[in-house]
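Naming follows writing order (A, B and C), and every chain is counted from residue 1.
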């Protein structure tokens, strides 16, 4: 089932507008191309409305935000909402600085996001901080493990219900939920944490999956998570003696380039709760 | 003949100032080093005049333009013109937003470019939009193919004549023309489109070729196009099972690193019309 | 002895705040992860104080400075000083433009740097230009070679004494000195100069080494230089036919990923003067 989601990306070449950080932007662009999408980057307030209008989806990543790009995020997000485009929020560093937390919370208040994707710490910050999501019990553990899984699944479903967005928490175990269902995903390798930006890459790719699968958004988001994790497994299996995190980065993107529906269906490891 | 152009780059190590987008900037720098040039990046208006003054060429790429970098483009371009430096325009996304189109057209009005390099869509936008180039018939097909080649050659020559710049249109078939002659180039691989920024890389490298070959500018521009396309062929021939677009990016830059005049002369596929 | 320094990085995972250029920032992040550190990037003035407060070290690189990031550098640097964090200055391009020279000199005047790391040209510019360092004889040769070594060692020690910072000059022979001792390091390969940003990568990594070795700062800085150079040697030894500078970049970062104390102690080539 999830395999069909990546096939739909390859058949429709969704155009994704990315307002993203300058650290990992090149990898985000190459991952979007690898999975069958097409990237455009623009953060200038005078440019973003035109650019997002010709795209199918918008990926907002606050990783190296600045005053100008923040303005661009709001303008692009509102325009994307008017056009009923897919819009994803990656709240990089929410909780680490007041500006990042405030920006992410304000984005959630003013823009409707199809998906919010982050690590457990970032998502907890948003759950606590957002006016629209008050009341969510964020007293959940700081890592999703088998021991904390039940409470984490409840938390992510609750936050999804209150926020009206699909919520994806990525880590050792990944959770992708709307208010009713939660995909619990066990693809991936711990060594992916030694590469900068696998989360940013996933957010870009996920936006393409959403655009290509408008009638199955939860499955699309879960398929993107499985694709990234499975690529991490395949890439790691291909590592040679002397290889390290730089080569691993290349091998993961390469594995996405070579991914198809059959590989994904065979390798995806998940249950739905 | 074209082989001599890359030899001249390696012998003179031209210093190229790049005002370019943050998506592909690292690859642009590494390609410039691979071909024998030396890159400097700077877009701050208070910095660009000094930086461009110590260089031999300026590469202006509007891919992730912002208000500040646009100001830097005009300041650097005018200074480079005063110093009779080589100046190249890569109008990334012209036609996709009003800001990009207006900026590219205004740059053409105020700065003399040695070369304008883009895809057919971007170049058509400039041909229609620029005050200095009014009258060029841009009613040419949206792709350069064997069927549309005659009209495309006429278009690129006309636009080169009117604009006073060498014009390079890259795609499945590449065209590099001044008002009189057009190099029709058939190097390259379609898979290069699955890597972000091969066009940006070419623009950076081409600027170095221009600086190193001031007496043969058209040949220099054509040699850069052939070098990029041939590197794409060599890189593809070196692909192993499991490799994808990320490794392909590395192999292309590697192939440029290993390119010399003999390899280029043997592998370049072009005719002059 | 130096081997212990990288072991300490791996054991403590120092968090490093980088205000660095957008050309090489991805490699800086991956090198920090490769050596066992953890990177955060932020240059927005409204964000940097919070971000630097949660880190152990700050790496300021002026490579693509702009008005906003310059403001961020001063704010972050002063906050890092208040917190007694490690702070490193990489004065990229000092001497190449007035803005870069003035910014680097002003940073030295207002912020106490644990280490200043640059090439001989940049360091000479700072030695001549800084009010706090007037009187240093910068009439030293423009390259550190066996012929110029004595005067270069004297220069770097003098500048370290006057500036109150450890000073690292990298080139064919690397010098890392405080006012009393100078590590003369002969690791590395000339081909490293064909990759963009090995200096930037070193600065990021060195900051992590400083944070992890607060009681042996000179050794920590020297260990980072040896690690980078040795990785360049190991990476070069792993090059295959057809490889070039792009693959070399990956192999160097990979070699750092696989570096440990024993490899470093065995491969480090230095004397102390």
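FYI, a contact is a pair of C-beta atoms (placed from the backbone, for glycine too) under 8 Å apart; a residue touches a chain by one contact, two chains touch by 3 or more.
No experiment lies behind these values; they were computed from the predicted model shown.
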| item | value |
| --- | --- |
| Rigid-body rotation angle, subunit C and subunit A, from Cα fit (steps of 5°) | 120 |
| Shared interface numbering between subunit B and subunit A [over half = same, under half = different] | different |
| Between subunit B and subunit A, distance of the C-alpha-averaged centres to the nearest whole Å | 34 |
| Of all residues in subunit C, the ones touching two or more other chains | 22, 26, 249-250 |
| Subunit B partner contacts - residues on subunit A that touch it in the complex | 22, 25-26, 29-30, 33-34, 39-44, 46-47, 50-51, 54, 68, 234, 238, 249-258 |
| Subunit C-facing residues of subunit A, complex | 21-24, 26-27, 63-67, 93, 96-100, 194-197, 242-247, 249-250 |
